[in-house]
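In the two complexes below, chain A is the common chain; its partner is chain B in one and chain C in the other.
On to the complex of A and B.
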């Protein structure tokens, strides 16, 4: 007999609450039993029971919603599980990993693209966030409004309206960004040279990365042969494979409000006396920043670097919102996680997607570990 | 010690969960053999539709569903509205859980991807069970997998070549590749100040790259190209495939110039690219548009006086097997294999796909009904739709039967992306597609 759907929901809710109570008490009892086995006092046993019983809802949730899916993902990574095949997963051992590492040019490209976004995008993001933090650390009228304005993109995220606005702003011919560049280039000729120089360097770097991912450097040669860009050149943003990744970097920079806040709190933590002493010694603003502020901000830089690095290596949203239409431009910018999404939710190869996710995890762990090893050389913890 | 034991516990549970048997991907075999509940028992038939107009949904809820519910006491029809944006993730959830809507909305090329997870509906919708099926046009093929019906097509939406006769320099329509390239050069203008297009001779799917995989397939089919050889291997190493890729490059260069010129695309505007802006009276920028009817101006726009509708003619000068082609896309409703109410789903489909219902469903969207006998009234009254329907029945080639369509799209987009930057030659592009598609097909 089919149940009333409302009754089913109610029944499920009651069952869930019952499950939480039973597992909480069960986990508490188990913890008490273990405490007894290791010879703990009666009071300690009771405390253990209470502690684990109260922590149990979170622990059980963690086990069910994190550890169990993690386990399934790990298991599926050794299978040929495909959602649409209507067949159970078959164990295929390390085949997915072997295919991923030796026979998947798409995944290699996604690694190179992610490397570009990390190597080019992350330093720019940190630099802009630091610059904004220093500016907004000044005691000026309306500083709170500016702080809010720069943090607003973090709250807005990448919704449809934001996507549409960015696509319009990035239009090569009529977008406001290129209109500004054109206006400034016309009004101030040195800016025209600067703009063309940036275009040339950016296109060379981008062509180099595209060459690394495809194994052919034809495009790099073509950019080099084309030489210094003509006077009417503007960035091709979402229209050229040479600019697709830089468009994503722009969106990343736009969302640097969180980093800015961290830097702001760091700047506020620097003792005023240090700057006063520097003033007595006749230090200028530049020296204030590089000799006092920046060295003492290095723990914050390190934090932003680690968090930003992990975020960059997992980048998905900006690419998804800008290039969802799967145009021929998309492959020039897809990241590792976008590739994982493609494998899992476009091709429905859950087994292969799971293998990709575990490889990404290993890459992130390796890069983060390297960062932690290197940090001893440049992070200054003297103040803390 | 306690910490160690606790960690040991967690690790053990991880181990158990990793070794646990996987979630079944389909309803257990018994589920399909369980007798349908008696008519008096409450049953909800769930239908998942993607991006239909409010008028269509309102009509389904006010006409079709009440009629169906009256004919099936105890059955409630529940329509959920989704969007083509994000549908794939949602559908993956349905099939992974083996639970979800009984009837789902799919696109043309999805029959091969979802086929194994869709119900064989021959016993309910085949000619023996439902004589009306003979009234469906070629779009019905898109609703089959391994020769068996999995659902019914709603409409057919072919891709035509719409051209502005008042703007075009040279004769219309170009009927071979050389004429198209000459046409592109003569009808494209670039503003030197902004280094961007102000007029584009031909806007195919993805105006910027002019090398989208769907456009490639349309051109390829027009040369008489077949996607697969007799042994099932892909045919991207054929002369037709090479000519198609070369045509993509020639047209792109005739429009944008060499890649190094870095010419910007047409500005994003409002309305169809072959329409006229009401406020400024300026043209939106395209002379010809190779796209579905929905990308063309609304039928009541005055600009239609100067718009021709044609198929794409291929290149008969160099390929004698060339034929005029309109690439036919369609939406269809499929019944999921996990559905426990396949007979009810079939009954609902029969009710929503009668001659009158299929006509009404499409009337709200001005699309061509998939049933031949439903193409009356607004279809024949509108000169544009009448012409489109004629071309579709004469030159329609289905966008279906593509094995591993999602993978092929990625493979082709990647290779064609390198074509427009001149990173790869047309021959290298085709070789890359052939090689990677062979791997994707497991051959």
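On to the complex of A and C.
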């Protein structure tokens, strides 16, 4: 049956609404029936009915779109299921996981690349967000405009269109960013040294990470032996395996606006009296920040760290838009989700893709759990 | 002396903030400026902040491009349909979590919060197989329908926090007058949470409009492509020359709705209502 796709989805939507209403009433009735059986009061029965009926869309959706899929993918992760073939899945035990951990250079690269983003990108992102928040907290005129300018990138986010604008700007030869770096380096020699210093350090770190993921450190040696970059060097943003991840970090820093808002609300919650008292003691701005603001902001740093970490683990769009199919670059930049997409929806290895999904899920849960365990050592909740 | 020092500090602060704003908005400016350039200008090694002779060629060409126009319509269509369904169901569920006392509420609420830890990508594979069984691949169904089941735990949480702050006496007096829960929800509670609703709609809209992965997997044919998927095909990774003016024109037109929504909703978002539930 070929139906106009727009009418098709409208039709399905109407059916879905009907389904939701029926299941809501059903779930509500069931809950009321149970409440009556255990001998609840009339009013309590009514509340039970209303509560379950109103919450039913989420409960039913949770079962259909979360619990059942998780169960199936857990089963499939132990099979060789491929969606393109009509054969039933064969049980292969832990083979998928064994292959993933011991014998899959692609997955290994994706883990190391994610590690780079969290180890290099996330601290930079949090630092810039905190810096902007402290500046904005000085009660300036036109604060609204500045806030808008800093938050706008969050809205534009990882939209394909915006990513392509970045791609144009990051061109090594003709891109505006490198043109500005060249112009500034020629005009002010100190900037040239700064630029080359940053290039050197970045390439060393990047080569180290590439070495970890491939097991061979020849590239790191080459960068080290090449020594301090020549005067005409510029970053090779999206064109060299040494720079592909840094381009993504740049995008992350650009989108630090939501973290900034969280820091701003944290700064607003700091009691004014603390700063007044410090003024009496003759504290300078530096001391104000490190002795008062920062310790009280640690819960917010922690929150941003968790949210940022989870976001790092889920990066997909920049990798797909900027680097997909570009063979020499892909291993240097793929993220875990990109790798999941590649295995599941390019090669249609559902069994293997399910194993990757579960590993990602476990990593995210483990990371969050570890963060919550170690936060007591450095996060300060005392004054709240 | 102290005032001179003070004024200098303020000036430095403003210079910093202004240049940071310029840096942050520069990609947007560059996108717009490049859409008025010729292909030679976008590839030229010089710094052309604004083309000497702005050309509308790329705009004229893209309005004749039927694939682009259709993907624009597809994006508007799927975003609005999914937004309506998601918003309605999220509001209903938030009502259940804040205004009704029922056994098991806390358990279900805790379950809902814990789903925020599950990355949606981890569910993609089994959901794909499920939709494949329903013969939904190659239609809008998989990217629209799941939202109708109150997709988005964070949005439910945000609305619940706002609804919970409304005094209970309001509902009680309405119930005295013989109103039922649906009436209280529609006539009393919803009008009082307009600002949070605006925020939730903005976030939902932005998420749907920018979404790439799910449309990429499920739509399959170019006649169904949404904007992010279509625009990504304009850029050919392995080709040496890219049609930059065309791509940037498509990019400008793609971001216009985002900008409009942001300018309407910014006063709600930037006031930080979003994070009111964070503390504690």
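Convention: the second predicted complex is superposed on the first by the 327 of 384 C-alpha atoms of A that agree within 3 Å, B and C clash if a C-alpha of one lies under 4 Å from a C-alpha of the other, contacts with A are read in each partner's own complex, and residues count from 1 in each chain.
Methods note: a contact is a pair of C-beta atoms (placed from the backbone, for glycine too) under 8 Å apart; a residue touches a chain by one contact, two chains touch by 3 or more.
These numbers were taken from a predicted model, which means no experiment stands behind them.
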| item | value |
| --- | --- |
| Superposed partners chain B and chain C on chain A - clash or fit | clash |
| Residues of chain A touched, compared between chain B and chain C (which is higher) | C |
| Which superposed partner A:125 touches (first chain B, second chain C, both, neither) | neither |
| First (chain B), second (chain C), both or neither touched by A:347 | first |
| First, second, both or neither for A:76, with chain B first and chain C second | both |
| Which of chain B and chain C A:265 touches, first, second, both or neither | second |
| Which superposed partner A:155 touches (first chain B, second chain C, both, neither) | second |
| Touching partner for A:181 - first (chain B), second (chain C), both, neither | neither |
| Which of chain B and chain C A:328 touches, first, second, both or neither | first |
| Partner chain in contact with A:319 - chain B first, chain C second, else both or neither | neither |
| Partner chain(s) touched by A:232 [first = chain B, second = chain C, both, neither] | first |
| Shared chain A contacts, counted only where both chain B and chain C touch the same residue | 5, 31, 35, 48, 68, 70, 72, 76, 83, 167-168, 173-174, 324-326, 344-345, 350 |
| Residues of chain A defined as touching chain B within the complex | 1-2, 4-5, 30-31, 34-35, 38, 48, 63, 67-68, 70-72, 74-76, 79, 81, 83-89, 103, 105-106, 109, 167-168, 171-174, 178, 182, 210, 214, 216, 218-219, 222-223, 225-226, 229-230, 232-234, 236, 239-242, 324-332, 342, 344-348, 350 |
| Residue ranges of chain A touching chain C (in the complex, touch as defined) | 5-6, 8-10, 12-13, 16-17, 20, 31, 35, 47-48, 50-55, 57-62, 64-66, 68-70, 72-73, 76, 83, 132, 135-136, 138, 140, 144-153, 155-162, 164-169, 173-174, 176, 179-180, 183, 254, 257, 261-262, 264-265, 269, 303, 310, 313-314, 316-317, 320-321, 323-326, 337, 340-341, 344-345, 350, 353-354, 357-358, 360-361, 364-365, 368, 384 |
| Sites on chain B touched by chain A in the complex | 1-2, 5-6, 9-10, 13-20, 22-26, 37, 41-44, 85, 88-89, 92, 95-96, 113-117, 191-197, 206, 208-209, 211-213, 259-260, 262, 264-268, 337, 404, 406-407, 409-410, 413-414, 416-424, 436, 439 |
| Residue ranges of chain C touching chain A (in the complex, touch as defined) | 13-14, 16-17, 20-21, 24-25, 27-28, 30-31, 34, 42-47, 77-78, 81, 85, 89, 92-93, 95-97, 100-103, 105, 108, 111-112, 115, 117-119, 121-130, 132, 139-141, 144-146, 148-151, 156, 181, 185, 206, 209-210, 212-213, 216-217, 223-224, 227-229, 231-232, 234-235, 237-238, 242, 244, 247-248, 250-252, 254-255, 258-259, 261-262, 266, 269-270, 272, 274-275, 278-280 |
